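What follows is a set of structures for review.
First subunit A sits with subunit B, and in the next complex the same chain sits with subunit C.
Up next, the complex of A and B:
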């Protein structure tokens, strides 16, 4: 009989679901309750897969060979101190305690420090800095929101329990779950499919929905009923759109225009056009009416806004629409943060340095400039001459040209498993899985700090990423002190031309 | 009429299967099966004369990659193809950030053509081909 651990926090996405029930037998997770499919893949299978890194490796003659932890720490520290401008990237699947030490290391090295936010919601952070954000915790939304708008995101795929725990399908104190209504809708759709199939079989000409019918449908009557409603805006119909009351198909890269039109309509202005971004204005008017008549509305937006043309301006105008709606009702807006502690990386970097990402310490003090100190810009220009990647996989999630430039210089990786970037590393460290083998703090997508639990012991000899960063930091300080001492000795011999120890 | 090539807009993003594959391990069969794919509209599949599961070559001005074609399961999206985020998609994405740090991961034009004779490279093969490691 295994040991059951309750209220375990899921260390995968920004939802940080904290109701998992884990069964542990012989220091191994054998069963998990309440989690989503992605959670089960990691917590029950993935964390102990054959892909696990169990010892440090260094690339010698083109091949990664196992080495001792001391040798790997020395090599990594030497690479980072020899580099004129190292980039430290990742941090979003690490605990906030690790992120805190990471800032110290970047400062000591005088390098660049960036987190995965720069390739997900970095533009959202910039938009929030521009215009502010009227937002709320997920708890508030769960209990009060009667209109949920998902814009350019597919939580059913990326945050599988978001709808179930925080929005349409959750039983709130003041708003009830719409799950039963969804089941009824599914039954109705199944009946419609049966009818359609029968009609095809009986040679009755039946026009099936295909690419010719890919236009936006009119808003359904269900949008004006009482209770929770869900509207999805996206360039393609997604799994989330399948469960929504209304799906609005927008043209790619036209979100800004649609937000602009909705702002006009929310402020009772008339538009001179009939269609905006592929959506008829009369439909937009009806949607805005539903928004204005909501008692508490919430807009969640995803990477469809931050990665499309317009980037942070798309988010800025989404926030501006929310601000306009607040003149007439209560509306909030929130980004769908991805990695489980990407919000923590922004928070920790901000309270340590004043800035949430895209940091530079080359002048001895923190500077912030997205576009200059963001990882992809540094790599595009070839500015950095060494890279440390921790708890991230730019090998799989950066454009090819950025990775090519990264590999022109030494690469140090700290990850629990052989992901793409670990396979490309020159010094490869193993690490414990944060939230499974290591306790720590993480920030949910609404900036609520949550304590992650340790549920099993890590394999022998595998340290936490915090311990590795601390050891590298200590070694860097020793190497720098030795260099300074060497320079001072030379000065004693009267050689005045030797530069400082850095 | 079957067309040789189709110019479409590329969207990359998450799928639940990509999430499961990623957590099982980047070298896992599940990851390969669910990420090295390109979802097309059923009408576009007909235009190219493709069969479900046939290999297609997706080419942008930044690179080219061979992935498996699949019919998009959630309705029509004529003129749009969807590749789950991962190394196969990123081979054809641009690192242009418009000076704000975010590369161009979606919303740009690509060409899709049938490639029945070209293989879909595994993660290790693709890393070797693109980065020599």
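Up next, the complex of A and C:
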């Protein structure tokens, strides 16, 4: 009989569900209760992967060779100190304690520091800096929101328990769950399908609505009822859209125009056009009416806004719409953050340096400019001359041109398993799984700090990424001190052949 | 005249705000060579990275940069007088916060060129990057005065938070042209991408080519035969005149050439 650990926090997505029940037998997770399928994939199976890195490696003659930890730390510190402009990238699947040391390392090295949010919700952060954000914690939304709008995101697939824990299907203090209604809807759909099947069998020709080609349907009557309502805006009919009361199919890259039109309608302005982004203005007017009549509305937006044409401007106008709606009712907006501690990376970087991502320490003080110091832009231009990747896999997710430039220079990786970037590294460190083998702090998508638990012991000899970064930092300081000593001795004797230090 | 040529190809970005006429004035070549710049994290002198040659017979232009300067950032930052000519590509933040004088770039220019500029002239005989004549992140004070002429195309967010001055683009413009502008003029000789003038509350944008898509938050105001760009130049129409951004209660104007934009003819029914 294994040991049952309750209230374990799931280290996968920004939801950070904290109600998991884990059964541990012989230092192995064998069972998990309450979590979603994604959580089960990592916590019960994924972390035991055969592809686990168990010892540090250094590339010698083109081949990765296992080495001692000390040798790997020395090599990594030497690479980073020799580089004129190193880039430290990743951080979002590490604990906040690791991120904290990471900022210290970047400052010591005078390099660029960026986290994965530059390729996910960085634009949201930039938009917030431009215009501010009226937001609320997920707890507030759970208990009070009667209108949920999911814009350009598919939580049913990406954050599977978001709808169940925080929005439409949760039993709030003031708002009831809509789950029963959804089940009834499913039953009705099932009987509709039966009828359709019978009709097809009897070869009766009928018009079936094609979900891909269908134009937007008129808002249903159910949007006017009391209780929780869910509206989904997306470019295709997602699984979340199947659950929703109303789905609006938006033309790709036209979200900005639709937000603009909705802002005008919310401010009682007349529009000269009849259709915006594939949606008739009439329908938009009805949706805006529903929004204005809501008692507490919440907009959640995903990468469909931040990574499509317009990027942070899309988010900016979404926030502007929320601001306009707040003149008439209560509305909040919140990003659907991806990695479990990407919000933490932003928070930690911001309280350490003043800026949430895209940082540069080359001048001795932090500079901030997305587009100039963001990892992808730096790599694409080939500006940096060494890279450290921690708890991220740009090898699998960055464009070819960026990865090509990254591989022209030394690459250090710190990851628990052999992912694409680890295989390409020159110095490869093993690391513990944060939230499974290592405790720490992570920030939920609404910037609430939550403590991650340690549930099993890591394999022998595998340190935490915090320890590795701390050791590299110490070694870098030693090498720098030696260099200064050398320079001082040169000054004393004026002879270049006398070398100081070891 | 002082000529700077790179000694080598630069791997990492160089930040050299000291390459400015104001800083060079009154200094000998040796003193200029000893000015400090950074290459990545390393502090080096100007003489380490560039050959510095003085030709005392020629007075104007004051500084000439010959070669690839695309990795050299902040050239002419905050400059008040004099003239810099760059014979090659210029890096980011060239002419940032320019308060006078002239910068000529005989090549392409990086992002944030002429950002938060107050006075003076920047001529770019090539393309210019994103955020030309715009703001620093998070601030709402853009270009306040002066003139920027670009012979080629420009990227996105050009002239955002524009508060004065003129931008003349002889090529095409990217998205979010004149975003949140409150005053000043932007003239685009060729095509303009979507979302031009979003959030604008004043000023004018003139598009002489095809407007990809008009923001729905603009309303048609009339048709005008001719529009003034600046004291020396008018644009020949007729132009559709759009007023907006309605969502911001703005009174900015976008002039779009009628001849090249037949798609906008549907707006004529409101006139």
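Going forward, the second predicted complex is superposed on the first by the 491 of 502 C-alpha atoms of A that agree within 3 Å, B and C clash if a C-alpha of one lies under 4 Å from a C-alpha of the other, contacts with A are read in each partner's own complex, and residues count from 1 in each chain.
Simple rule for what comes next: a contact is a pair of C-beta atoms (placed from the backbone, for glycine too) under 8 Å apart; a residue touches a chain by one contact, two chains touch by 3 or more.
Only a predicted model underlies this, so the values are computations on that prediction, with no experimental measurement involved.
Of the two partner chains, subunit C is the only one touched by A:110; subunit B is not. After overlaying the two complexes on the shared chain, residue contacts for A:245 are found with neither subunit B nor subunit C.
Contacts of A:126 after superposition on the shared chain: both subunit B and subunit C are touched. Once the two complexes are laid over each other on the shared chain, residue contacts for A:286 go to neither subunit B nor subunit C. In the superposition on chain A, A:267 makes contact with subunit C only, not with subunit B.
In the superposition on chain A, A:362 makes contact with subunit C only, while subunit B stays out of contact range. Residue contacts after overlaying the shared chain place A:370 against subunit B and subunit C alike.
In the superposed model, B is the one of subunit B and subunit C that contacts more residues of subunit A.
Legend: residue contacts after superposition of the two complexes on their common chain; A:403 is shown touching subunit B, with no touch to subunit C. In the overlay built on the shared chain, the residue A:276 is in contact with subunit C alone; subunit B does not reach it. Note: residues 126, 309, 370-371 of subunit A belong to the subunit B contact set and to the subunit C contact set alike, using the contact criterion stated above.
Chain contact summary for the complex, subunit C toward subunit A: residues 11-13, 15, 38-42, 71, 92, 111-112, 130-131, 136-138, 175-176, 179, 194-195, 198-199, 213, 215-220, 245-247, 249, 267, 270. On the side of subunit A, the complex with subunit C involves touching residues 83-85, 109-111, 126, 129-130, 256-257, 260-261, 263-264, 267, 269-273, 276, 309-310, 313, 317, 320, 324, 361-363, 368-372, 382-385.
Within the complex formed with subunit A, the residues of subunit B that make contact are 9, 11-16, 18-28, 41-44, 62-63, 72, 74-78, 80, 82, 85-87, 90-107, 123-124, 127, 130-131, 133. For subunit A in complex with subunit B, the residues that touch the partner chain are 12, 37-38, 41-42, 45-46, 49-51, 62, 114, 118-119, 122-123, 126, 154, 156-158, 160, 209-214, 235-239, 241-242, 252-253, 303-304, 306-309, 311-312, 357-358, 370-371, 374-377, 379-380, 393, 395-404, 407, 417-420, 423-424.
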